[in-house]
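Next come two complexes built around chain A: one with chain B, the other with chain C.
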Partner chain A sequence: MQVFNIPRAIKQNSNFTFCPGCDHGVAIRLVAQIIDELKLQEKTIAVASSGCSVLLYDFLDVDCIESPHGRACAVATGIKRAHRALNNDRFVFTYQGDGDFASIGLAESMHSALRGENITAICINNTNYGMTGGQLGPTTTMGQITTTSPDGRNAHYHGFPIKTAEQIALCEGTSFSARAALYDVKNILSTKNIIKKAFQYQIEGLGFSFVEILSSCPTNWKLSPKDSHLKIQNELTKVYPLGIFKDVKND
Partner chain B sequence: MSYIKLNKNKCKSCYLCIDACPKNLIKKSNEIGQTGEYTVEFKDDENLCLGCGVCAVVCPEIAITEVYKDE
Partner chain C sequence: MNKKELLKGNIAIAKAALNCGCKCYFGYPITPQTEIGEFLSKEMQQRKLAYVCAESEVAAINMALGAASTGAKVMTSSSSCAVSLMQEAISYASSDELPIVLINVMRAGPGQGYIYPSQGDYNQATTGGGNGDYRTIVLSPSNVQECVDLTYKAFYLSQKYRNPTILLVDGLLGQMAEPVEINDNPYQEIDNSSWRLDGANERPSRNIHSLEPNQNKLNRHIIELFKKYTIIEQNECDYEEYMTQDAKVILTAFGTMARHAKALCNYYREKGIKMGLFRPKTLYPFPYKKLNELSQKTNLIIDIEMNMGQMLKDVRLAVLSNARVAFIGKPVGDWLTEEEMIKAADNILKEQYASI
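Now for the complex of A and B:
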């Protein structure tokens, strides 16, 4: 009995272009598996952003659009509303990094949540600007060394990191906000359930659904893939606790 | 018989599957892969593979393309 194969929503002859050990590949595979399970491939429009997630359209076999840096939620809003006006409802989700979602596009992201736009946002949090070489980002943890904070992040000079999932959970238009991680098998499988729930909330029309995923960046953290996962398990989950912060069905 | 199919051309030698396999059936091979490091190989001479698919779950490159489980 076949228990695993390449999801149909992944382009069969494409290879991921991420660094070795990067969790982006796992996250994209999970999204593709859920698109398969919910039979959404024909009616999905994915919105990619700038950052390591920029090449999403090379891997996902669904309709994709590239948004300006940080504006993925605004672009997704337009797509969703325009198709709804034509009575041709589409499943729209954004796939962004933490720099894109929580720094450059914070206004677009936050106001999409406040308006309760019926879209899903997936934010990959690797605590730096990975594609441009590991600069200090909005989610860089206190004391973390990056190329633009060689002595480590300090509160006096750089301020404090943003806890995106908690902030989005405070918005009244949000239907679902959760944080998940990809450092071991158990968490990968629970991340899949969380993304699936977020997708189902959009299908049911409940409002803005959001998943923040703690992901490793072995190249810029200068750690092996295994040690990167240990760092997430031992350090990052203490700063960014995992869990569901808002769920309109259970609140 | 449970087994996996592994595409060495996709392997980027992160070795996450080596740590994940509960039966230690995945090891470094002698072939150099696309990143200049040794790729991994699957060797199961004694039919120990459980077909649990854990290796496929952790692989970021979908280099483990198929997993078959004995019924």
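Now for the complex of A and C:
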């Protein structure tokens, strides 16, 4: 009896290299399931970024290119535009951390949204620079202790965090912008629907589609996997509310 | 034969790029190269090609990186301080073995410098301004016709060797109009079906990356890159010689400076001094071997550049102890005049030949 199918778009015999309790693996599995469901495997080019998910191409069984830290949306723009110039219709998405998307790459991310670039960006928000060991990043919450904010984030000293999904929703070229979370089964299922919608908007040629996913980082948060997910449910969703902030079909 | 037209270097480069099938251009304005992007904006939109007014040079070169991974011919252009911004992605593209053509129409530095003439980016272009062990092919035109010819060649070599290739252009040349012929692209198309990212359709998925957490694999990758560079060095050295056959004194210069150097050769030949010129057209690979051969028959090499002596070190590496190497240069501003060069050359020649 098989109870759990590995999606076709996940490479056979590949093992996730993420820390125990990290949500990156869940998010990547959802992406792979949707690639299967929308039959995108043969026409997808994925753009990996610098961060914990840098080895995306080891897990996803689609064509994939690495981008320099922060530049994923620019790289994706180049791929999408070049294929269009070659008369190819290809599906292009980025998979980035919040530091990658909203700090070092904010210009590339926001301008891709403003241009209405017909790509999809997925941003894993774990409120720190995970790969480098949990430093203060663009989404670190007020009071949050990190390795570079030992006394907690302080408005006077560090300034304020960015509400990425809300900001991207403000860009006229954005077709869809939403924030989702993965702390329980119900949310995992709704995150899947949200990513699927974002992918479909690209397929329909509606412009830049974006999903921010609140994700656990037990190692750097110094919490158990269970407590990390409780923190997302009870604390992070208050700072970063879940929901759809822009949907061209409903606006 | 096509008709000659009067074109600025910048426009000639843009026309040549279109003519040889450039499908994508990404750029951000900076003098003295802005006309390239302005010209292409109209032409590429009309042809339904990929053109993006990028938000920065960082974005432009990364768009080029993505676009190159599809196998399409890709170009970006910029100038000096802004080319500095692109170096991270050039380093990535070298490791990824992606064919990007980068046009650098030079201005003066360091930093913002100014739009004055200068050849100050030789070092950055030839030794790599980014991190790690890598090389970029660097071509150097000295007139507007060569802006066309070497643009074709830049696309060809970048595709042939899957390597970023830089056309290093003097600002002077970008802005100067000369009669040129936009001839047909003489190079063959390179098949890229074995590596391009166009979707894993009836083939295994592919990935392109520079990250390599396994040190043995990373070592092997870089050693493979250097095997490729050795082949480039063996096959692609290109240069021009002017009256070198019987020359006792050889001038070395690149780009537009070589034209002034030719005038110098003519001047001194009238005075009975057998002077010739050696001009590398490929700055990487630098034609060490040929210059070494020439230097064995001479006793004086004078390197002339609009910088403080950047190609000079390659000239010295080529000449070794075969001949004395002298330098005439100026970092930025009004191009060295013939009088200035003659004055400097007279002094050098006096030291060499007490009789002059």
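Miscellaneous remarks
Just so it is clear, the second predicted complex is superposed on the first by the 247 of 251 C-alpha atoms of A that agree within 3 Å, B and C clash if a C-alpha of one lies under 4 Å from a C-alpha of the other, contacts with A are read in each partner's own complex, and residues count from 1 in each chain.
Criterion: contacts are C-beta pairs under 8 Å (C-beta built on N, C-alpha and C of every residue); 3 or more make two chains touch, one makes a residue touch a chain.
Quick caveat, the model's predicted, so the values are computed rather than measured.
In the superposition on chain A, no contact is made by A:Met131 with either chain B or chain C.
Of the two partner chains, chain B is the only one touched by A:Phe4; chain C is not.
Number of chain A residues touched is higher for C, counting chain B against chain C.
In the superposition on chain A, A:Tyr57 makes contact with chain C only, not with chain B. Contact with neither chain B nor chain C is seen for A:Leu223 once the two complexes are overlaid on the shared chain. In the superposition on chain A, no contact is made by A:Ile203 with either chain B or chain C. Shared-chain residue A:Gly21: touches chain B; no touch with chain C. By the touch criterion defined above, A:Ile244 lies against neither chain B nor chain C after alignment on the C-alpha atoms of chain A. In the superposition on chain A, A:Val185 makes contact with chain B only, not with chain C. Those residues of chain C that touch chain A in the complex are listed here as 23-24, 26, 48-50, 52, 54-56, 58-60, 62-72, 74, 88-89, 92, 96, 197-202, 205-211, 213.
Interface residues of chain A, counted against chain C in their complex, comprise 11, 41-45, 47-48, 54-55, 57, 60-68, 71, 74-79, 81-86, 88, 90, 107-108, 111, 115.
Contacts from chain B toward chain A in the complex involve residues 9-10, 12-16, 19-20, 35, 37, 51, 53-54, 56-62, 64-71. For chain A in complex with chain B, the touching residues are 1-6, 10, 15-16, 18-26, 29, 184-185, 188-189, 218, 225-226, 229.
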